[in-house]
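By written order: A, B and C. Residues from 1 in each chain.
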Amino acid sequence: METLRFAIDNWSVIAVRTGEHLSLVSVAVVLAIITGVPIGILITQNRAWADRVLYAAAIVMTIPSVALFGMLIPLFSPIGYGIGYLPAVIALILYSQLPIIRNTYTAIMNIDPSLREAARGMGMTPLQRLREVELPIALPVIVNGVRNAVVLNIAIATIATYIGAGGLGTFISRGISQTDFRQLVTGAVAVSVLAIVADLSLVYLQRRLTSPGLR
Amino acid sequence: MTASVAEAGAGHRTWRGIVLLAVFGLGIWAQASGIVPAILRYREDIVYLARQHMTLVAMSGGIAIVIGIPLGILIARSRIPFLGPAIGQVINLGTTIPTLAILALAMTVLGLGTPSAVFGLAVLTLLPIMLNTVAGLKSVPAPLIEAARGMGMTRAQILVKVELPNAMFVILAGIRTALAINVGTVPLAFLIGGGGLGELIFTGIDLMEPGLLLAGAIPTALLAVLVDIAVGQLQYWLVPRGVNPLR
Amino acid sequence: MIRLEHVTKIFAGITAVDAVDLEVGAGEVCVLLGPSGCGKTTTMKMINRLIEPTSGKIFVDGRDTAAVDEVTLRRSIGYVIQQIGLFPNKTVEDNICVVPDLLGHDRRQSRKRAAELLDMVNLDPGIFLKRYPKELSGGQQQRVGVVRALAADPPVLLMDEPFGAIDPINREVIQDEFMKLQAALKKTVVFVSHDIDEAVKMASRVAIFRAGRLIQYDTPDNILAHPIDSFVADFVGSDRTLKRLRLLRVADAMVGDPPMVRAEDALDTAARLMAERGHVSIVMVGPRGRARGFVRLDAAQGRPGMVGENHEKLPCIINIRDDLRTAVSQMFMHDLTWLACVDDDGFYRGYVTQRGITHLLGATYRDR
């Protein structure tokens, strides 16, 4: 129908917007992993800090995404990056922290303590134990957390268009304001497809990265 | 032993001290930058929009609960073997679709305004509630159900007297999460004409007015926390002590 | 090889291990035995410094363990735990080679050794090297656990109730296999157990612990025969004399150079031989000396005919390498007071009697 025609005619714009969207999400997720996984590992050492960190991350989740975007704008305007890419990415990183940190923490805490004892008794340093035993076993759950974060981020990034960060949400917002059915549906379907594809790809990745001994 | 308990106590006191200091500092900064009076200027709007906001939450949440729990029960108890996993897959797929997309698609069907907002929000809230209902019912230990059957309870009685009470904690946890997310998502309803505190937030962004923005954002966050606490209390008091991990 | 000097461990006011002095010679299996909470596991864990002693010194192969970096120390000591602890994310092969890889050994060498060790515990390397722990039974997993501890060829092996999580039938099998392994490899082993039967079976010497103190340290037979106090006597069980039967072989109690008759001998000859020795039975052997049957005195005395037509079947025979417990069981089962003993080829070598066995056991009592 005409929506399909519209989509085909504007495929290059769709591609650009998809690229913007993906760039937002992937940069945010990668940075979130770099901060989140080590934090998740660190808090397994200390129960009190674990509670605090997880609580703080959970609080971030209750802040509506638009609101967080909005609050970051005045923060970054002084340095000239108020609108657009930067506050959006920062917000996405913050939202990704809970799933990633919580999953890393839970996965490592759930590891059978006798494995730690065996590793220690054999003469592994804590770092070696992490690398050879704990992380490989925790990996599936961690990737699950990343998957949650990615899907969440794709959804939130849709809203980032309202602070000028572009992305596929632009079709939706324009579709609403211009009462343009075609743009709206294109945007909605495109971003849904993106989310589903990302989700399934990460499920596949999770399977590939899981040791056969753990399946 | 006693040494570490004292340490933990000291740690807690330090933490509380830091938080108090931070809030105090925030308060001073707020006062200094004139944020607080700026926000208070919109007092009437906040109250009005908050009421609208909560109405949306109540309506969509109510629909979600009324549809979600029975559906969840049906799926959990269904004898058709593939139904559970199949619906599970569909639900999972549903949860990956971005929020705005769902709202936008609702709008294409129901037009601008409250109906589509309520519809979209209800769909969003429905999924976690359904998932948790299924999970909660499935987690009821089989021996309990077997004992009930052995005693001569009908299926309906088993549901009401055994399964639901045991699953209640998990179901309420699902409602709690779903409603908190709902409150946080309502701001988007503004975009499709649904009203709510989103009006202050988006206008605040458009006009680059932090005061306006915070006037919308802070109440929304507070409402989300309040809803979370309220349902948490419900969870604490409604679920009998025997099955309540918190009591 | 391992020497504990006045080793003590105090946890928050509780003395878990109290001034223990212990020495384990190279190639010996020392079993630390005692009830729960007696300090045996804590003592063993101080050897590889999983727990640090409050005071006292521990020497392994002449070197003070406190002077070596603990991680290096642990890589030179094999460690096997009750819960097995195979890493589920690694194949059996990678599990076994963990320590050699950490030490940087040549990969091909260590893989080859892994295969050899698996073979020694009756697990076909072709099948098992590439398997994952979850595909193995409990008994198979623990065998791999033991092999893993031996992979880097450490001189010392520490085992914390290693067979406790395995069902009783497989436990016997795996204990036997371990003893065969130990006979081949001659490691110095410290083994924690709470099972007296296991200790008696596996140990060169047994160290009995109680409330953190070392009560008695001696060979299994001596502990069974001469428990030092009533606690030890109760712990080893009131049937301790029967337990000693496991430690003795038929050959120890057998009377060798026995009288025997052939099928073609006359009953008279049989009766005469019995009278000479004061026996009431005599064994009939075949042309080459294999036990074939027996004749009773009352059946032979004063009767005409040949042994070959008038003998009875032997209700049971016992191998000279069997232990006395098996022998006594057979005696009870068949209501016999004596058994014919044969070697692996079936040749009649001698006989054991109930009297002879009780006499042998009593010998150590009379010594004192």
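As a working rule, a residue touches a chain if its C-beta (ideal position, glycine included) is under 8 Å from a C-beta of that chain, and two chains touch if they have at least 3 such contacts.
Here the structure is a predicted model, which means the values were calculated and not measured.
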Chain contact graph, described as a line, ring, star, complete graph or other shape: line
Chain ID, smallest distance between chain and overall C-alpha centroids: A
Length of the line joining the C-alpha centres of chain A and chain B, rounded to whole Å: 20
Centroid distance [mean C-alpha coordinates] between chain C and chain A, Å: 59
For chain B paired with chain C, centre-to-centre distance based on mean C-alpha positions, whole Å: 64
For chain C, residues that touch 2 or more chains besides their own: none
Multi-chain contact sites of chain A, meaning residues that touch two or more partners: none
Complex contact set, residues of chain C against chain A: 48, 50, 71-77, 79, 81, 83-91, 98-99, 102, 132-134, 148-149, 158
Complex contact set, residues of chain B against chain A: 8, 11-12, 15, 93, 95-102, 104-105, 107-108, 180, 183-188, 191-192, 198, 201-202, 204-205, 208, 210, 213-214, 216-218, 220-221, 224-225, 228
Chain C-facing residues of chain A, complex: 112, 114-115, 117-125, 128, 132-133, 136-137, 211-214
Of chain A, residues touching chain B in the complex: 48, 52, 61-71, 73-74, 77, 82, 151, 154-155, 158-159, 162-163, 169, 172-173, 175-176, 181, 184-185, 187-189, 191-192, 195-196, 198-199
